[in-house]
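To start, the structure under review is shown below, and the notes come after it.
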Amino acid sequence: MVFDKVKEECGVFGFFDNDGFDVARMTYYGLYALQHRGQESCGIAVNDDGVILLHKGMGLVNEVFDSENIQELKGSIAVGHVLYSSSKFQREDCQPLVSRYIKGTLTIALNGNLTNAEELRRKLEKEGAVFQSSSNAEIIMHLAARARTKTHSIEDAMLKVLEKLEGAFSLVIMSPRKLIGIRDPKGFRPLCLGKLKNSYVIASETAALDVIRADFVRDIQPGEMVVISKEGLKSIKYADDPNISHCVFEYIYFARPDSVIDGVSVYQARVQMGKLLAKAHPVDADIVVGVPDSGLSFAVGYAQASGIPYEEGLIKNRYTGRTFIKPTQNEREISVSIKLNVLKNNIKGKRVILIDDSIVRGTTCANLIKLFRDAGATQIHMRVASPPFLWPCYFGTDIPSRNELIAVKYSIDEICQKIGADSLGYLPLDDIKKIGLRQDQGYCDACFSGKYSISKLPKDSSIPSKTQEEIYGNSRRNFKDFKIIKAYT
Amino acid sequence: MVFDKVKEECGVFGFFDNDGFDVARMTYYGLYALQHRGQESCGIAVNDDGVILLHKGMGLVNEVFDSENIQELKGSIAVGHVLYSSSKFQREDCQPLVSRYIKGTLTIALNGNLTNAEELRRKLEKEGAVFQSSSNAEIIMHLAARARTKTHSIEDAMLKVLEKLEGAFSLVIMSPRKLIGIRDPKGFRPLCLGKLKNSYVIASETAALDVIRADFVRDIQPGEMVVISKEGLKSIKYADDPNISHCVFEYIYFARPDSVIDGVSVYQARVQMGKLLAKAHPVDADIVVGVPDSGLSFAVGYAQASGIPYEEGLIKNRYTGRTFIKPTQNEREISVSIKLNVLKNNIKGKRVILIDDSIVRGTTCANLIKLFRDAGATQIHMRVASPPFLWPCYFGTDIPSRNELIAVKYSIDEICQKIGADSLGYLPLDDIKKIGLRQDQGYCDACFSGKYSISKLPKDSSIPSKTQEEIYGNSRRNFKDFKIIKAYT
Amino acid sequence: MVFDKVKEECGVFGFFDNDGFDVARMTYYGLYALQHRGQESCGIAVNDDGVILLHKGMGLVNEVFDSENIQELKGSIAVGHVLYSSSKFQREDCQPLVSRYIKGTLTIALNGNLTNAEELRRKLEKEGAVFQSSSNAEIIMHLAARARTKTHSIEDAMLKVLEKLEGAFSLVIMSPRKLIGIRDPKGFRPLCLGKLKNSYVIASETAALDVIRADFVRDIQPGEMVVISKEGLKSIKYADDPNISHCVFEYIYFARPDSVIDGVSVYQARVQMGKLLAKAHPVDADIVVGVPDSGLSFAVGYAQASGIPYEEGLIKNRYTGRTFIKPTQNEREISVSIKLNVLKNNIKGKRVILIDDSIVRGTTCANLIKLFRDAGATQIHMRVASPPFLWPCYFGTDIPSRNELIAVKYSIDEICQKIGADSLGYLPLDDIKKIGLRQDQGYCDACFSGKYSISKLPKDSSIPSKTQEEIYGNSRRNFKDFKIIKAYT
Amino acid sequence: MVFDKVKEECGVFGFFDNDGFDVARMTYYGLYALQHRGQESCGIAVNDDGVILLHKGMGLVNEVFDSENIQELKGSIAVGHVLYSSSKFQREDCQPLVSRYIKGTLTIALNGNLTNAEELRRKLEKEGAVFQSSSNAEIIMHLAARARTKTHSIEDAMLKVLEKLEGAFSLVIMSPRKLIGIRDPKGFRPLCLGKLKNSYVIASETAALDVIRADFVRDIQPGEMVVISKEGLKSIKYADDPNISHCVFEYIYFARPDSVIDGVSVYQARVQMGKLLAKAHPVDADIVVGVPDSGLSFAVGYAQASGIPYEEGLIKNRYTGRTFIKPTQNEREISVSIKLNVLKNNIKGKRVILIDDSIVRGTTCANLIKLFRDAGATQIHMRVASPPFLWPCYFGTDIPSRNELIAVKYSIDEICQKIGADSLGYLPLDDIKKIGLRQDQGYCDACFSGKYSISKLPKDSSIPSKTQEEIYGNSRRNFKDFKIIKAYT
C-alpha cells in the first residue's frame, strides 16, 4: 500500500431478530458500513435454530458476498466480522470463528488484542489444546469450552473466561439461542447497542446502526456483558475498572466521522482537534486544505478557528481498487498522484496550511508536499491533528515497528525538513483531553505518551514496559516543544 | 444504480512516446484518472512498430487490466478508452476499435455522439459495409477506409471523413506511425494536449495529465486536428465554426473538479455556481451541506457567498463496489443510507441548506431529505446547482427519457413538495454564462434551454427539432421564476 | 452427478526431500495422479524448517493450485490430500489439517473413516475440546495433542493415539522434522512407500509414485507406522491383527488400473474378474463391450475367457467438466449421451455383452441399455463385475443409503427387467477370492456380504451390527443364485 | 502443450427449431460433443425473431457457458462454433461472427480455410472494407454484404459469394429467417444434416447429432447449400467438382470415433487401418498396445489382423485440465507420465507393438518408448497408423512448419533410432484408399503425398513450389515404401 496509515484491525456486528428481518442481509449492510475497520477478510455466521451456517473469505464485503451466498444464510441470529490483518494472516484466521464443543456451537467475533494471549495459549497447549489459527478468538473459544460452571448458561461460562482475559476486546458471541456483546473492562475498543423495531443490533460503530436505520440505544459499557435472547436483553456488569481507556485514535483516524463513540461525535471531535491545532500552531497563510478523506474535518476546524478560508485542494480518485497495478520505482511520483491530485488553480501562488490526521513514516506526506510545490504553492505549513507516534499499540491496531516511525528517529525540525514543509506542528498531547471525552472517563493515548493503562504488557515485546517519562526524562520537555531527541536506541 | 445521475459516455487517452516510457502503463494511469467518465468497459491498444496489441473488456480499469496483461502491451504509441453505456451495450462496442484496412491498421477511441449516425450508417450499408457493433466509432472507421485521397496520409483521409461527421466527437486515433487528436467543430466534449518530457499525451481531461505528471500544453481547439509523429506535432484547423458549444454539464457534474477545461477550472466554476445560487436563492439557515462528492464544491461557494457556515453533513461510504447486493423493495431506505450517512450530531436541530448538482428523477433527493428529517433537521432547503433538466442530449450523455425527468412533469413547487423540501431553488439559466467561460466562446445548455446549436437532430428522436421557445411559449417565463408548467404530454 | 457410482473419499500423499526436489510440485503431481480418489477439495502443506505453509481449497488440483501459489510453498517435507465429500461438506473440512499444539505443529492427511468417531468426539468434548470441522482428522489431532508420553517423540504420541482409533485409516502425518505414514491394523485403505533418489514418498496408490518417476519400495503394512526423518526410515509394527481387511472395491472400481495394491495389479485383477464373470455367466453373443472407463478391463477379460470379440462400443466425451450445464428433466436421455455415445455401426444388429463394474441405483445402466437398443443391438446381456451391493460401508466410501440400492429392493430378475436387459449376471461373491489377493491376507467384502471385520460398528447406524446370515437366513441361498428376496424393510 | 499433435481448427453447429426446443441448450450440447475440434474459444448466437443474441469467449464450452448466460439466449434459430487457434489468435476471431449489413443481420460460423483468403482480403480492402479480425469468416461476411442480386434472398447472395471462395469451408450461416449449411465443392471438411422431431440440425460430425438424440439424415454434399426456413428444407447444388477431397486425417485423428463421415464410420476406418498396418508391417511380439485415446482403435485392428493379443498398456489420467502446472525442464520425464502411465505388470518382459495415429515432431513418441523401456518391455515396435507427415495443410488444420516435422528431416531408419524403437512402420500411402472411402469419391492426402487438389495455393507459403524430389534427393530412397510423386507445382 502506498499510503502509510496505522491500521485498525477489526469490526464486529451482531443481529438478533424478533421481527422477521433477513439477518444475513442486515449483517451484510452492517459490515459494509464497517468496511473501513478491516479490508482483508470478512464473514457472516447465522444461527438457523441451532445449526450454524457460515460464509467467510478473503476480500471486501462486496467481493466475498453475493446475492446467492447471502440467500443461503437463513436464520434468526447473525454475527459478522471484518478484519484487517498483517502479512502473517492466513485463511484460518478469518472470523467469525465457529466451533462445536460440549454445549453445542459457539460463534465468536473479536475486535481487539489480548495482551496475555501468548501466556493463555501456552497454558491451553499444555492442557492439550490444539490451535488451527493465530487468532485470539480461538483462545477465547478454548477457554469457553473448558469453563466448568454449575449452570449450563453461556453467560456463566463467559464470565469464567473473562476473568482470564487481559487487554482490549470487544466481542460479539452467538450461542445456540443467544447473542452476546462484551466489552473489556477498560473499554479500549468501541461497541454499541441498537434496536430495529423489536430486534437487537450490536456493532463496533453507530454508523453501522444508521445504515440499517436502527436506533442507537447506548454504548455497551466497559466491563459490561449484554445478553440478548428471546426473553429480552439482560445486562451484566462483570467488571468495574477505574482506568477507562477509550482509544483516542478511534477519534483521530479509525472510526467513521459519522459515528458517535462513547458519547462523542467523531466528526465533532475532529473539528475540535482542528481548532485546537489552530490555537497551538497558528501561522499566517491563504488557505486551509485537508488531506482526504480523514484530514478534511480537521481542516474545517482549523479554518473556523483561524479564520483562514477552508478550500478543497486535493481531489481523491473515487475508483481506487485493491487490484490496482502499482507504479514502479521509477514512477514513484505517480504513486501519490493517482490517488490524490492537487487542485492547481486553487493552490497556485498560495500559502497553504495542509492538514492530515497523523504522520507515520512520513513518505506520503513528503510526496504530497512535493505535489503542492509543483502546483505552485508558495508556502506549505504542515499541521498534524495528533501528537507524534512514538510507542507501540498492544490493543488491536497495527502501528509499524518503532524503527519505521519517523517521530522516533527524528526531531520535529528534522521531520519538517525531511518532508519538505515550511513549518510543522503536531497536536499537543495535552489537547487530547479537550476533544470532548467525558471527564469521568479516561482514555488511552499510549501510542503518543507511552503511558499504558495495563501494567503487564506482552513479554516478547520490543519495548520495555516503562512509561515514556522513565525512559526519556528531559526529552519530555522537548516533546512539548515538538522537538524530540532521537527516542530509542 | 440507486443514484439517479446523468451519465457521461466516454473518456479517451493517447500517448506518443519519445522517451522510452511504458506507454501501456501511462495509458493505464490515464484511464484510471478518467474512470469517472465511463465504468462499463475499457481498453488499451498499443502500436508495436505497426503491429497493434489490444486488450479490452467489461469492467473498471483495475478489473480489466492486471500486471500481466499490461506487461504484454509493449509499444511506442498507445490509445485508451473508458466507456459508460446503456443497456443495449454489447462486448463488441468496447473501444478502442482496431481494424485493418487498405492502408494498414487504424485504432479509434471516441468520446461523443454523431447526430447523423443513422444516416451515415445507412449510406455505408448501401455501399456494402458490414457493422459488427453499434458504436459510432465503427462508422468513422468505415468512412476512413473508404476515403480516397491523393496522398496516403491518414490526416488527409480523416479530413475527408470529418466533412461528413456531425455532432459531438473528441477522437483519439492511431495509425501505424501517428497519434491524432481531433475535436469536433463546436467543441462539445473536452480534449487536451500534454507533454511529458519529449512525449505527447492527449486526454479528455487535464486530471489525466496530472496523474502521470505530464505538463498541460493547451486544449485542443474546436475544429482542430493535432497530428503527432516522430517528426513532431502538427496542427490542422479543419473547421472554424462560430457556434462553439462547450458542454456546460462537464462543469456541473461530468468532469473531475481538478480538471481545467477550455481555460476554466471545474472546481472554481462549481464554487462560482454555488455563489450564484446563494445570490439567486438566499435563505436563512444554520449550515450549508453538500451532497458528496459532486455537491461539495457548490456548497463551499454557497457558504462563502451567504456567510452561512459550511459543514460536512453527509458521509460517503468509500467502499461502494459494483457487485454490491442491492437492497430489496422493503429496504428502500437502506439504499441511500448504505452510501450516504447523515452526520446526526451536526444536523440535529439545524436549518440545513442542502446542495446537489442536479435533480434528474428526484428519487435520491427525496430519500436524502428524509434522512435529514430523521436526523432532526428542522428545515431543509434544497438548492440545485443547475437549471432544471428539460431536454434530451444528443451529444454523448445519457439523460433519461423525458417522461422520467421530474422537471418535465412537475412545476418547481410540485417538485419541492414531492421531494419533501422546505424550499427549492435551481440555478438560473442565465447564471451559467457567469461561471467563467470565455466570453468569445459559446457553450451548449440545450438540456436546460432546449436551444440546440445543431439544426439537424436525429430524425427518430422523440423530440421535434424546435427550440423550447417555439414549443412552450409562456412557460419560458415561468421557467425564469423556477415554476415550470408541466412541459410535455 | 448423473452417473451413479460409489465414491471413494480420499487420497493422501507425502514427500520427504533429501535431494533438493521442489516438494510442493512433487506433491502437486502426486495429487494429480490421485485425483480420481477425491474431486471436492485438495490441499498441500509444506514444512519450511518448522514453519508450515498451507494452501487448500475447493476444487480440482489444477483449479486450486497454480504456478504462483505452488511457488510459495517452499520447504523440505510436504503432505497433500484430495477429498471427495458428501453434501454436508464445509470448507473447514479440507485437508491437510494443520495445527499448533504444545509440541509444535502437526499436519494430518487422512484417508478412511473411524468407526468410533462419535464416541471419541464426545469424550474429547467432555474434556473441553473444541471442534471446528466435521473431519475425523480433527479427532486424531486432538488425541495427539493430549497424548502424554515420557519421550517427546511424535511417534510415541501417535502410538498412544492409535490405541484409541478403530476403523479404516491410512494417515500421512508431518511433524516439524518427520514424515509419518500409518495404516490401520486391518489395512482397509491402501498406502504405499516409494523412493526417488534419496527422497521418500508415501502415497495412497503406486500410480502416484509412477507419475513422479519414483520407485515403488513396498506397501506399508496393516498395523505399521513408517517414520521418515533426516536419520532415515524407521518401521514400527504397532498392531498385528489377524483379520486383514483390504477393501475389494479398490480393485473393482476405486483405484487406478495402473496401480498395484498389496501385491496385486488392479488392472490384472479386473481382467481376472472379467474372466471369472465369463465363466459364471456365459452367454452366446457377437461382441463384448465395456462401459468406459472402468468397465473396459473387465470386458478385455470377459472377451479373452469367452472367445467373443472385444469391441469398443461406447465413446466417452473427454471434456466433461464440473461446470457442465445439466440437462433438464425433459432432456433426460441427453444426460447419458453427452458423456457416452454408442458406436452405432459397431453395434447395429449385434448381440452385445455389456460389462460394467457395478450397479448402484440402476439408473445409468437402464439409460445405457436404452442407448444400445436405439442403436440397433438385437440383444443386450448385462454383466456386472461385482456382486450386488447390499450393505453399507463404514470404512471411508460413500455408498448411498440402503433404500437407494437397487439390489436391496429387487431380485436379480426384477433388476434385469428394470434395466431392460435380456439377461443379467453379477460376479459371484466367492469369485472375489480368486482375483489374486494373497492367500495369507484377508479382504473386506462387507458391502456385498454384510460380513464386517469390525464388531463395534457406529451405533447410530441404520443397520444392526449382525452378519447377513443372521438376518436373512435362506436368502443367502437365493443370493447364490442371484435371486435376492427384498432384503430390508 | 506437451503432446505434439496436429490440430483441427473448428467445429460448427446449427439448429432450426420447429418444436419449441431450447435452441441454445441444444447448441450447447452439440458444441460440447464437438469440443475435440477446438478448445480455444466458443460461441453461440441465437436469432430471436430477427434480433441476434450472442455470447462467445475464450475457453471450453463449459467454461464459457453457464446456466445463466445460456438462459438469456432465447430464440428459434441458433449457430454455434468451437475454435482451435494458433498463437496469433485474438478475441475478435471468436465465432460465430455476427454483423449488421444492408439486408439485416448475418451470422457466420466457419470450419476450414480459404486458400485465396489474402487475395480476397486485399481486393476487399481496396474497395474500402475494414477488417476487425484475422478470421476468414469476416472475408465471407464482407463478400456477402457486397453481393448484389436481383432477389433479396440470402441464398442468392451466398451463391454470388461462393463463386469467389477457394479452399476448404464448411459453413453454417444464419439470416434473420433462415439457417444455411454450405460445404465447399471438394468437400474437405465434414458437415452433416440431422433432424430432431420436426427441427433441423447441422453439425460438423454425427456425434453432435447423437448427443441431442437427433436422427442423422445425410451428409451435406460437396458443392451443396442447404437452406432451412419455416417453409422447410431446400437443397441447392451450386458446384459439381469432380475432385472430391475428403480430408483423410479426419478419419485418422480429428474426428470422434463414434462419428460417421461421408458414409464411413471413423471407428471402423481406424480398425481397418490397424489391420492394414498389421499386414504392411508385421512383427513377432507378445502384445499390441494403443496410445490412448486415438491409438486404441488402431490397436484393436492390428491385434485382430495379427492374432497378437490386444492389451491395455497405458492409462490416461482423466483429469487433465488446461491450467495444469507444466513440469519444468528438469521434470521432462514427468511431462508424459502425468498424462499417460504404463501398466507395468502388463508390460514387463514383453515384446510390445505400440500403435499411435501419427508422429509429428517425435518428442512424445520418444518419451513414451522410454516409459515402456523403464517398465521392462524387452522390445518396442512402433507402428504408426498414417503415412509420414511431409507437407503443409492449407485446408484448416494446424500442422507445424515443415522444419519441425521429423519425417521431413529424417529417414525412417533415422526416426526409428531417434525415438528409440526396435522397429518402426508407417501405414503405406496406398492403403488409405482401402479404409472404406466410397470409390466414386476422392480424398485429400496432401499432407502425406504432397498432391494438392487445388492448384492455386497461398503464395506466401513457407514451401517453395518445387517437388519433393527436387528438394530431398537421396532421402527419398529412405522412404522406400513411401514413394512420393511430384508434389507441388
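Letters are used for the chains, namely A, B, C and D, taken in the order the chains are written, and counting of residues starts over at 1 for each.
The rule is short, and it goes like this: a residue touches a chain if its C-beta (ideal position, glycine included) is under 8 Å from a C-beta of that chain, and two chains touch if they have at least 3 such contacts.
Fair warning: this is a prediction, and the values are worked out from it, not measured in the lab.
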| item | value |
| --- | --- |
| Longest centre-to-centre distance from chain B, chain (CA-based) | C |
| Cα-centroid distance, chain C relative to chain D, in whole angstrom | 38 |
| For chain B paired with chain C, centre-to-centre distance based on mean C-alpha positions, whole Å | 62 |
| Rounded Å distance, chain A centre to chain D centre (Cα mean) | 62 |
| Contacts with two or more other chains, residues of chain D listed in rising order | none |
| Chains grouped in pairs wherever the two touch, ordered by label | A-B, A-C, B-D, C-D |
| Complex contact set, residues of chain C against chain A | 54, 90, 97-102, 106, 125-132, 141-142, 145-146 |
| Complex contact set, residues of chain A against chain B | 22, 25, 28-29, 32-33, 35-36, 39, 60-63, 65-67, 70, 207, 210-213, 256-258, 260, 265, 267-268, 293, 296-297, 300, 304, 309-312, 315, 317-321, 323-325, 327-328, 331, 333-334, 337-338, 341-346, 374 |
